[in-house]
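Below, subunit A partners subunit B and then partners subunit C, in two separate complexes.
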Partner chain A sequence: MYSTTYHRPSTVEEAVALFAKGSDAKYLAGGHTLLPVMKQRLTAPSDVIDIARIPALIGIEASADTLTIKAATTYVDIVNSADVKRTIPAIAHLTSVVGDPAVRARGTIGGSVATNDPSADYPAAVLALNATIKTNKRSIAAEDFFKGLFATALDENEIITAISFPIPAKAGYSKMRNPASRFALTGVFVVQTKSGEIRVAATGASQNGVMRVPAIEAALKANWSASALDGVKISDEGLMADIHGSSDYRANLIKVMAQRAVTAAG
Partner chain B sequence: MSTVTLTVNGKPVTAEVEDRTLLVQLLRDHLGLTGTHVGCDTSQCGACIVHIDGRAVKSCTTLVGQANGANVTTIEGISKGDELHPMQAAFRDNHGLQCGYCTPGMIMSAIDIVNRHGGELDEETVRQELEGNICRCTGYHNIVKSVLDAASRMKVAQAAE
Partner chain C sequence: MGVEGIGASVVRKEDRRFITGKGRYVDDIKVQGMTFAHFVRSPHAHAKVKGIDATAAKKMPGVVDVLTGQQIVDDKIGNLICGWAVHSKDGSAMKMGAWPAMAPETVRFVGQAVAVVIAETKNQARDAAEAVVVDYEELPSAHHISMAIAPGAPQLHPEAPGNIVYDWEIGDEAAVKDAFSKAANVVSFELVNNRLVPNAMEPRAALAEYNEAEEHFTLYTTSQNPHVARLVLSAFYNVAPENKLRVVAPDVGGGFGSKIFIYPEEMVALWASKKVRRPVKWTGDRNEAFLTDAHGRDHISKAEMAFDKDNKILGLRVKTHANFGAYMSLFSSSVPTYLYATLLSGQYNIPAIHAEVIGVYTNSTPVDAYRGAGRPEACYLLERLMETAARQLKVDPAELRRKNFITSFPHQTPVIMAYDVGDFGASLDAAMKAADYAGFPARKAKAKSEGKLRGMGMSCYIEACGIAPSKAVGSLGAGVGLWESAEVRVNPVGTIEILTGSHSHGQGHETTFAQLVADRLGIPISQVSIVHGDTDKVQFGMGTYGSRSAAVGMSAIFKAMEKVESKAKKIAAHLLEASEGDIVIENGEFKVTGTDKSIALPMVALAAYTAHNLPDGMEPGLKEGAFYDPTNFTFPAGSYICELEVDPGTGKTSFVNFVAVDDFGRLINPMIVEGQVHGGLVQGIGQAILEAAVYDDTGQLVTASFMDYAMPRADDVPSFKLSHTTTLCPGNPLGVKGCGEAGAIGASAAVINAITDAIGNNKLEMPATPDRVWHAIPGNA
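This part shows the complex of A and B:
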């Protein structure tokens, strides 16, 4: 790792001011993406600004219609949250299959969403649930937030402060885990909103990161059941192909994971 | 360079280190606590797991600054003098290791698992919970036996307190 300067501000405002002062600063949350990349010398920030312990960024709130998870809340606290289990249990399940226990002790929902790794789990939940990403500057709709591989609508020095999920009628998540990295080889999040809209998002599949799956949404709109997807064929165009699986394999996984997610959602 | 102050195995530690120093480097290179191992150095194998404020975390993926002010426990800090921690004793009695390289991380993870689940552990849960710890010798079978054995010993010890 190249030399860097570590900061631990106690407010978002202080973090933004430190970021502006650094010549090439980066925000650090759980650090399980940034630190490995720094160790490989693929990035060399002048300043690392640790926002994981800012009190205003930690906590979970639930109302009748919305579950809000503040950005620096760790995975383990999300898994254990009674509010999350009661309002959107699919998020508790998704979180319980991210990485391993030591990763979940450090990783944060805001860090995952801001990184937008094409195989990360949270982007699928954010897009399928039509969540709102709140930052220190504005609110961004999920549809406008994800911009392809590791790219988001965030400005350079913008910090996600919280993510607000509308509480759905039903939701489920299922993923095929890469057994070594535990990232999603393909993961699918299915949602039936309280107004009856069907939204389905897949992660780990597309070359452009998280995506909606219209063919599955249409089939589930007509009939919310796993068997309704039996005849659906997903095109492999634009899907990833690597040593872990071909694009054709991933296309099939989208269907199978969607079926399992619908079954889990009930 | 920054001055960091933390508690390691119950003792206050102050060190002057470069900001890029990883917690595992502080433990091994500055404090001589070489029980914590570096296996993969890519946050996958779990050999470097220590407890920070009671949570099992990977010390190869933690900057010292992130642990500033924290309470850190390593494999050297869990026995009571010559009396092994019940998890260490269970690993010895059940032959839960072969080469031993992964063992410190396994034990620190396993204590965290028992702490989180109490005595209510079954084999499947242990196997799932240990997925962040890689062992290339044992095939895991005796490690899982060790953790289950230790869980019941720790439950008995807790009930006696």
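This part shows the complex of A and C:
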């Protein structure tokens, strides 16, 4: 690791000011992507601003229609949250299969969503649930937020403060783990909203990061059941291929994980 | 046995310091004036080194010096050696290219060192290493066997035309040809044994200190065999004479073979410590471990087996290409030959065997012994072949094996080994019972009705451990003898130190070796200390690998103990005014049998050292040494049965049951044996379904971190059902055979046999990842 200056601000405003002052500052919100890259000397931020300990960014709130998880809430707190389990248990389940206990103790939902790793779990939930990403500047709809691999609508010095999830009628997540990293080899989040809309998002599959899966959505709209997907054929065009999974395997996983997510959603 | 004697599951003495973080590893050792080394490594798989410019790096903060490969050559430091001479079938010596510790002219794998920066801190060394400018001229590379042996392939070493190190054979080719001509059935197939990265928990490290006043070096290093390291560093690399070099291997966090070898980095640290006149420490990081620790396996084989009309094996023909990587590591040449092809008879009566092994240079990390070393490759080939044969001949796989088991001992195989003892039928019976083999078809049908593909597979392995008679290995080309040494020191107060040439890096010797002493003298193990891993303390010894430390290392202790006991009995008899023949040792006392007269061990020890009242002519003291050279290999064997389910939607394998029945001869500490088997099984399962070192087309290691190299985790493996059958090894005084590698040898074939049974397709290579298994399910490809 190259030398860097570590900051631990206590407010978002302080964090933003520190970021502006640094010549090449980076926000740290758990660090599971940033720190390994820094250790390998592939990046050399002048300043690392740890926003994971800002009290205003931590906590979970639920109303009748919305579950709001503040950005620096750790995975373990999300897994254990009674509000999450009651309102959108699929998010609790998704979080429980992120990484391992050490990862879940440090990682934060805001950090994951801001990074937009193409194999991360949360983007699938955010996109499928049509969540709103709240920042220190504005609110961004999930559809407008994810912009491809590791790219988002966030400005350079913009901090996610919370993510608000509309509480659906039904939701489920199923994930095939990468055997080495335990990221999603492919993960699918399925949602039936209270108004009856079907939204399905897959992570770990597309070369462009998290994506909606219209073929699955159409089939589920006609018939919300796992067997409704039996005949669906997912094209492997544009899907990732690596040593852990070829593109046709991932295409198969989109369907199989969607079926299992529907079963889990009930 | 006593409560802490042979056969007792005593809690490991060493674990308290390990699990409380108090182990003392190389990187924990700090000396005055210590500097830090960081290596400049090749980013290319094959390139000419046209120039190295360290001008800027030398001016960086904290930099003590930058040393290059040419300086090593100029200082007449020797090239790395391969210590086992293997000859091609035409009688020619193996064709080895030179391996300088840092490449002065050509780099041949990604990660090969070309220079080293020595600086005041680790980070300063790393910073400066980035400022060393190396001018490379890239060359075409060949990282895979098929690329390296193709016509027109890039030539790695001028000494090895066509990148062939040797073309070796064993067995009787004509007899095999004859057997095949008489065959009623021939079963043949091709298979790959995937390349693995050892991944010991502690990366390699070295701390070298040069004492100018005494012209003496000390090297703390992560070694499984510090004396061999000293010998090689002295005799072949000319870094320091043996009497001026102390090698210490303190606590070492796992090896699995990878720490047997003498690597460039440790040697450079030693050389550099004199060059810069400062102690030099190098601690590899995980990425360096992936790139530079000797890898394991990496074979491509074609095998054919001939059967008569009654399904008795008539002959076996094997042709294997073994990937050695870019250079010949210390024992690499012996692994795919004398440690592999000599085990191709397995547990079976095979009248004729012929194996040809072609060793190939490629632009990849050197390959050498890794847990099992050759024997897992042999077992995997043979047990996959037996399963394939059973399927092709439509016979029960257990019955086919049983029909061909060797049942009378000793048994001379056609490939050197003379099996001393065993009962293969007993372990297979026990495994089938424990696995409820008979009930499997019903379970398979039930699983099918639930949408799962259930499979069962077995593997009946044999291995040769406790290597081995020095004369025998010498005749096969080994550059060293493979005996072991021990010294037993009874202190004047009756406590005991055992100095052993074995080295413990996870095996628990501090406990098991003490149990032997406790057993013989009837004293608690707390009175016994095991001293190992320091060439200044311990007499020359050969170290720990190949499951040899119980069979060979403990036998040396046994012999030394006999001498100590004999002398102590003479002293006791003298003091008790009894006949030596009447003295028995019980509960730490020397007793005159049939009387109530006795004297405690501490009193005998004290008498030995005060020497006030010893038998006439007896030397004072109570300390004896022994060297033990085995008369044969030992032959642990067993049967493993794996039952699993494949998820047809994802190809993911889930274990239902894993039964391992091993015959290790006498068990010293059953709990430690169980732990060894667990670890071995996990590595075997890891090879079968998870692990693979993968290179891309340009020779870059794609799996150079745990993000891509799938190490088994606890939830990837089942709870194991272990048991033992016992035939005592007649070749050593303890009757032990060795248990360190069995799991890694036997597990892979059982797993792949089970998966291929589950999916109904025999064509499946390791690692059987979900992707591969899903594609292999008929209809999915």
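The rule we apply is simple: the second predicted complex is superposed on the first by the 266 of 266 C-alpha atoms of A that agree within 3 Å, B and C clash if a C-alpha of one lies under 4 Å from a C-alpha of the other, contacts with A are read in each partner's own complex, and residues count from 1 in each chain.
Rule of thumb we're sticking to: a contact is a pair of C-beta atoms (placed from the backbone, for glycine too) under 8 Å apart; a residue touches a chain by one contact, two chains touch by 3 or more.
No experiment lies behind these values; they were computed from the predicted model shown.
Shared-chain residue A:S3: touches subunit B and subunit C both. With both structures placed on the common chain, the touch criterion links A:H32 to subunit B but leaves subunit C unconnected. Residue by residue along subunit A, subunit B and subunit C are tallied for touches, and B comes out ahead. When the two complexes are overlaid on their common chain A, residue A:G148 makes contact with neither subunit B nor subunit C. When both complexes are overlaid on chain A, the residue A:P55 reaches neither subunit B nor subunit C. Within the superposed three-chain model, A:A180 lies in touch with subunit B and with subunit C [touch as defined at top]. Within the superposed three-chain model, A:R106 lies in touch with subunit B and out of touch with subunit C [touch as defined at top].
In the superposition on chain A, A:G238 makes contact with neither subunit B nor subunit C. After overlaying the two complexes on the shared chain, residue contacts for A:V256 are found with subunit C alone; subunit B is out of touch. Subunit A uses residues 1-3, 36, 100, 180-181 to touch subunit B in one structure and subunit C in the other. Those residues of subunit C lying in contact with subunit A across their complex are 123, 126-127, 130, 287, 649-652, 689-690, 692, 694, 702-703, 706-711, 713, 716, 769-771, 774-775, 780.
Remark: subunit B residues 2, 18-20, 22, 41-44, 46, 49, 55-58, 61-63, 65-66, 68, 109, 112-113, 129, 131-133 touch subunit A in the complex. Residue ranges of subunit A in contact with subunit B, taken from their complex: 1-6, 8, 28, 31-32, 35-36, 38-39, 48, 50, 52, 76, 99-103, 105-106, 180-182.
Here subunit A touches subunit C in the complex through residues 1-3, 36, 40-41, 100, 176, 179-181, 185, 243-246, 249, 252-253, 256, 259-260, going by the rule given at the top.
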